[in-house]
Amino acid sequence: MLKFIKKTTKKIGQSPGTITHVGEKKVERVTLQVIDYDLSRFEEKEVQTVEDCFPLKESSSISWINVNGLNEVHIIEKLGTHFEVHPLVLEDIAHTGQRPKLEDFENYVFVVLRMLSFCEKSQELKSEQVSFILGNNFVISFQETEGDVFNSVRERIRKAKGRIRKMGADYLLYALIDAVVDAYFIILEKIGEKIEVLEERLMNNPSQDILQKIHSMRGETIFLRKSVWPLREVITNLEKGEPDLVSEKTSIYFRDVHDHTVQIIETIETCRDLVAGLHDLYLTAISNRMNEVMKVLTIIATIFIPLTFIAGIYGMNFKYMPELEWKWSYPLVWGIIILVGGAMIAYFKKKKWL
Amino acid sequence: MLKFIKKTTKKIGQSPGTITHVGEKKVERVTLQVIDYDLSRFEEKEVQTVEDCFPLKESSSISWINVNGLNEVHIIEKLGTHFEVHPLVLEDIAHTGQRPKLEDFENYVFVVLRMLSFCEKSQELKSEQVSFILGNNFVISFQETEGDVFNSVRERIRKAKGRIRKMGADYLLYALIDAVVDAYFIILEKIGEKIEVLEERLMNNPSQDILQKIHSMRGETIFLRKSVWPLREVITNLEKGEPDLVSEKTSIYFRDVHDHTVQIIETIETCRDLVAGLHDLYLTAISNRMNEVMKVLTIIATIFIPLTFIAGIYGMNFKYMPELEWKWSYPLVWGIIILVGGAMIAYFKKKKWL
Amino acid sequence: MLKFIKKTTKKIGQSPGTITHVGEKKVERVTLQVIDYDLSRFEEKEVQTVEDCFPLKESSSISWINVNGLNEVHIIEKLGTHFEVHPLVLEDIAHTGQRPKLEDFENYVFVVLRMLSFCEKSQELKSEQVSFILGNNFVISFQETEGDVFNSVRERIRKAKGRIRKMGADYLLYALIDAVVDAYFIILEKIGEKIEVLEERLMNNPSQDILQKIHSMRGETIFLRKSVWPLREVITNLEKGEPDLVSEKTSIYFRDVHDHTVQIIETIETCRDLVAGLHDLYLTAISNRMNEVMKVLTIIATIFIPLTFIAGIYGMNFKYMPELEWKWSYPLVWGIIILVGGAMIAYFKKKKWL
Amino acid sequence: MLKFIKKTTKKIGQSPGTITHVGEKKVERVTLQVIDYDLSRFEEKEVQTVEDCFPLKESSSISWINVNGLNEVHIIEKLGTHFEVHPLVLEDIAHTGQRPKLEDFENYVFVVLRMLSFCEKSQELKSEQVSFILGNNFVISFQETEGDVFNSVRERIRKAKGRIRKMGADYLLYALIDAVVDAYFIILEKIGEKIEVLEERLMNNPSQDILQKIHSMRGETIFLRKSVWPLREVITNLEKGEPDLVSEKTSIYFRDVHDHTVQIIETIETCRDLVAGLHDLYLTAISNRMNEVMKVLTIIATIFIPLTFIAGIYGMNFKYMPELEWKWSYPLVWGIIILVGGAMIAYFKKKKWL
Amino acid sequence: MLKFIKKTTKKIGQSPGTITHVGEKKVERVTLQVIDYDLSRFEEKEVQTVEDCFPLKESSSISWINVNGLNEVHIIEKLGTHFEVHPLVLEDIAHTGQRPKLEDFENYVFVVLRMLSFCEKSQELKSEQVSFILGNNFVISFQETEGDVFNSVRERIRKAKGRIRKMGADYLLYALIDAVVDAYFIILEKIGEKIEVLEERLMNNPSQDILQKIHSMRGETIFLRKSVWPLREVITNLEKGEPDLVSEKTSIYFRDVHDHTVQIIETIETCRDLVAGLHDLYLTAISNRMNEVMKVLTIIATIFIPLTFIAGIYGMNFKYMPELEWKWSYPLVWGIIILVGGAMIAYFKKKKWL
């Protein structure tokens, strides 16, 4: 659970604006992908050095520079300096573990988001930081690893599907953010499925390891919530078209993303309620089971303890015990035993314990 | 419970504004019903093709086009294009699972609601998406299936009952939304009855399956709440007459709907409290029952264990045990047994365990 | 508990503005009482027909028309039409179960409140709807039954006590609302007493029926809260003198009512906390009692089970058991039994279980 | 706990502005103390009749009239009438049980506070209403009993310590309110000590009476909270210098009181959390203890029940039981008994139950 | 836990503006360190008397006066008087236990923070008050003890690292506050580690002392929360550049601190949730363990109680018991015993209790 509390000790005491990569090193080498397009033209390439991207700043077409990997900070620094980005912003890009935020500068907008993915192998949530710099005619995106979440956007640019080639860099930013937000729905479905599976298993056999699973589900929803709540604020700002770089025409599209975010938040809250409900259900199942165990003990003990007492009586060795001599005592005792036992069982039946 | 988390994976990666039907296919063929009326005239017909509705856009009378079924998206698309509706809106209409919202465009207003119904057969809540496009002189409504909730409105138009024929399209929208909101009261009554039944059964016999029912009631109230909360915001906007298309005269009527919505929300919150109370009651009933079981065990065991010990003593085979030879030992032992047993019972009576 | 969810099915599907009485029929015949007064003059009468009230609309003195009973809607309708009240308002008056609200129209103010009373016989809260129409020089009040809550106001008008005869219709409205709000304090005291009684009984003997009482107390506080929360908003509006018909001079008096309302709300919240505390106390008392039962079982069982074992050993029939032949074995065994038993008791004393 | 719900039935039905003392009669005779001072002069006296205070209204020096006791309402009335105080305000002064509030009139400010003290004898919180009327050059304070909380202020005036003699009546009000608020800290310390004592006792021996203490602590924090929350609002208004009678120079001092109030509120919230934590701890301690009891029972019972069975076997009286005749059977059975018993103990040791 | 409720009784009754040291005496002698710098020059010295600092007020370079220790109030008083600080501010500086706040005066800004450190030896959180006075060209900082948290700032000034030497006193304040806030992350990591350790131990062996640890962790998070929440408000004010002394250029840096504060608050909330989760887990683990104990008892008792009864039957001494004479009775009884015991075990296996 500790992973929720990001280690940042490494940075403490450094002068602000010092760009240091804080976080796991997830890729071997940082790569840069460039897509440059306008309504009529389209070009896609993997560039070798940062300097190759520099001319894009002045070009009239829309450029999308995608940086995969944050561990070579000098690349971020060079790129940032050329595109006139504030050192504190570059610091935030390299320092993973930022909470989602939007910062509006004079000639660019800085957006940080958390991208979530579900690792099928470890059945765990994975979280990655994605940052965007939106300029007048370019978007720079920074990812920790090369992901496939932006592939649909690439595809739409390539095939000129929908409006993407007709609109500006702000629409590109919208498309990218929309792709990140859409990925949350997949996570929510996974969690929904896990809750359903747990619920079913709980009804059948509430074992110890389910408790552990519920506990970790709880941690996951807390984590998700922490990632998505600030996202809402970011999108609200974009929807209202607060940054000058986001045109009114595009802000309608952000309204759509906003609706999705609100829906995601509500679903997470529902999940939290459901997980809390599961925990209550588990506790009740446990105490029901305990009840059942106790009932069996009570029934067996309360039936046989009095009977054993009766047997004990006639096991006494007194010289003068008239019953011992009688011919029909033994069957009589058996009769009493069956009677007493039967009466007990009838009582329990009446009490609905049997 | 998974149904609360709508599957939307189908859509992910598509270009925004692509109209795809997401949701169950609930009707075989999409049908269109048209009612066209003004103060003096009234006409009702089922049209065959979308194109038949097109002239209504320009007519001076009030027109209500009701679309039953969302699975033939080309109908929605044609209709939407003719009535100049934004592609993102058409996408929302076809994509069920939207949260209630109001979007105000220049020449039309878009409203999405959730219509709830209670299926008597499966004893389950059913939820359906209803969308409205309010234009200057028309209302287009989209339902997933043909329902009977709008029948009372149709009846009022036919018989010119109340104000409906005297007022504009905004009043028609009010009448339709009012019909949807009124249906919530029926749901609430059903839930109220279910709570009452559960409460009574709980007092008599807290069985395992009641727990499951309480658990699913809880899920239902969470679901209801999620459906109604955003509704409030929608109605508030209409009540304030924010969209230009809603006249001040009509906004007084929306104030009435607003009151209903607030009442519904409060009743849902009360239901939530009551269901939570039921769960607590269940737990307490369980632990009370456990207590009772334990008491029986304790009483039987504590009475007979000492008595069995006494019998055990005189079952020993020592050669030199003077009591064994005495003439009155056996009745004496019986006396002791009765005394000890009686004392125990008196003690329990005093403790109020019996 | 179902009563909290008002049945309204009767109304659904009706055209808005249709006046239908929804609620219990509480009086046989609707009666109208009129009090007409100014600084110097005072007249009180019971009128036979609605038409008798009509002249009061134009009179220069202050008139108070009190309508007892809502089941003859034609009376409400006639009165409302003459005094130019909006049909939706009349609908609300007849349709009991409204939440408290204030609606400000051009030439009159409409206020709905809930009047609570405590039925000594059934020991239950009763709730009634009271509506007021404040005009320029008149107040019309609508009650479900003839109550005695307004008697003190009548008395003050009759005897010209305090300011009431010197001030306008708005002050009369204040006096009436104040009377309704004051009645809440009596309810709160009743509830306070019930809580105190429950608390005392809980400490002495936490029986099953107390649980039921706590549960129904909980329902009552939920219900009270639902009635009073919207009241606050109503009074705030009056206090701020928002409606034009409430003069600044009178709004100071509404500030006083506002203070009372806030005090009532805080007391209800305190009651909720106390009732929740009672439930916790009950649970703890139950588990304490369980504990005590378990301790008795444990002590008896753990003392006698080992002793019975010892007795059992010497009840064995082996041919070669040297101890059986010894002269002092029997007293020795008794010695061991007393020793073991005593050690056990000492152990429990040390553990503070005895 | 009922005391939290103030009895006010006495007042209901009275005309507003009627001054009636509601509350306990805490002093035999109402006394009036007057302190009159300016930078150079200082006079302190106990006056006999209200009329003696009347000249102070016009004097140019600062006057502080302290009224001890509220049961002689005619004194409040006379004083109030002379100083032109609104009848509703006088009603509030006499009617104890007001929630803290500030009312700003044209030529005076009315402040009501709750003064708390801790009664060492009954170990209970006591609450008293204190009201202040701040005029241009006077402060009138009303207390239920003669307290010592204002002594430090008197001392400062007498000895001309600090700024008090140099500043106006508003600063005097500040000094008095500050004295009242400072007294809360003493209460909080008492409560803190009580929590600490309870916590320690809980760790050592969670007995039944601790539960009762926790329960009453809970009531106390609820009560404290109710007293202090509205206080914050009062002080905020004074801090902002909203009433004209509070000069900007003095409002800086109220900022200090505001800080204290916020600190008190936070500490109360912390106390609430701690008390809630204590209750949880109690419950867990109880269930831990139960666990321990159960373990002892289980260990004793599970060890001896099988052994008793073995003894029982050889207590049977069958004619043909070969073991009975064997020479070493008896020691052998002892061997088996020791073996089985030892194995059980080993098992429990492994399970960490011993 | 009492330490959270600061003792302030010492101060009560004093005239406001009286500077008294309230809190532990943490250093023997108060020391003053002065750093004076501008872009080109840098001087660092430990001054002997307060008067040595006085010239710095007029110097054109940036001066940082750091006061270690608060117990010699005359030093604070002299310094404060020379730098024209309001007496109430000086009182707050000396009176530890203030909640974080910012007060903006005409020619200086006063900031109070809480500095937290984690004492490795006692494994406890320690809290210290730090105050700052920001003037036009100076910052005065007051610490309770000499700490090492400002060393990184000193280092940066000495080595002219980053922007610090190029910017004004407001940037120095930023650097100092940033250092304090950064230290919170270390605390959070410690707490995160402790939670992880507890969680692991809980899964393996939920012992009594873990409960105590969870309880004290809970207290720690409550305490942390209380320290950090008001901090947010302070930073927000600085970020918005509200005080005139904070330039717009520096307020961007405060935005960075603001992000950190929000992140810290969210992490604390997460910690609270996690600790609450731990408590629930503990309770469930306890009740699971109880369950297990009960199961063993039930199994042993229910198997052997009936068997003992069978043995008891044939221990009876009746004269006429035909079975006793039979040759194969004894083995037959053994057969029955094994059969009954086996059936029991099979039943438990089926119920999954074994």
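Observations on the model:
The first chain written gets the first letter, and so on, giving A, B, C, D and E; residue counts start at 1 in each chain.
Simple rule for what comes next: a residue touches a chain if its C-beta (ideal position, glycine included) is under 8 Å from a C-beta of that chain, and two chains touch if they have at least 3 such contacts.
Fair warning: this is a prediction, and the values are worked out from it, not measured in the lab.
Least step count on the touch graph, chain B to chain D: 2. Annotation: 26 Å between the Cα-based centres of chain D and chain E. Note: centroid distance chain C to chain E, computed from Cα atoms, is 43 Å. Under the contact definition stated at the top, the residues of chain E that touch 2 or more other chains are 287, 290, 294, 297, 301, 305, 308, 312, 315-317, 321. If the chains shown are joined wherever they touch, the resulting network closes on itself as one ring, and no chain has more or fewer than two partners. Against chain D, the residues of chain E that register as touching in their complex are 1-2, 4-5, 7-9, 11-18, 86, 88, 98-99, 101, 103, 205, 208, 211-212, 215, 218-219, 222-223, 226, 279, 282-283, 286-287, 289-290, 293-294, 296-297, 300-301, 304-305, 307-308, 311-312, 314-317, 321, 323-330, 333. Those residues of chain A lying in contact with chain B across their complex are 151-152, 155-156, 161-164, 175, 178-179, 182-183, 185-186, 188-189, 191-193, 195-196, 199, 203, 252-253, 255-256, 259, 262-263, 266-267, 270-271, 273-274, 277, 280-281, 284, 287-288, 290-291, 294-295, 297-298, 301-302, 305-306, 308-309, 312-313, 315-321, 352-353.
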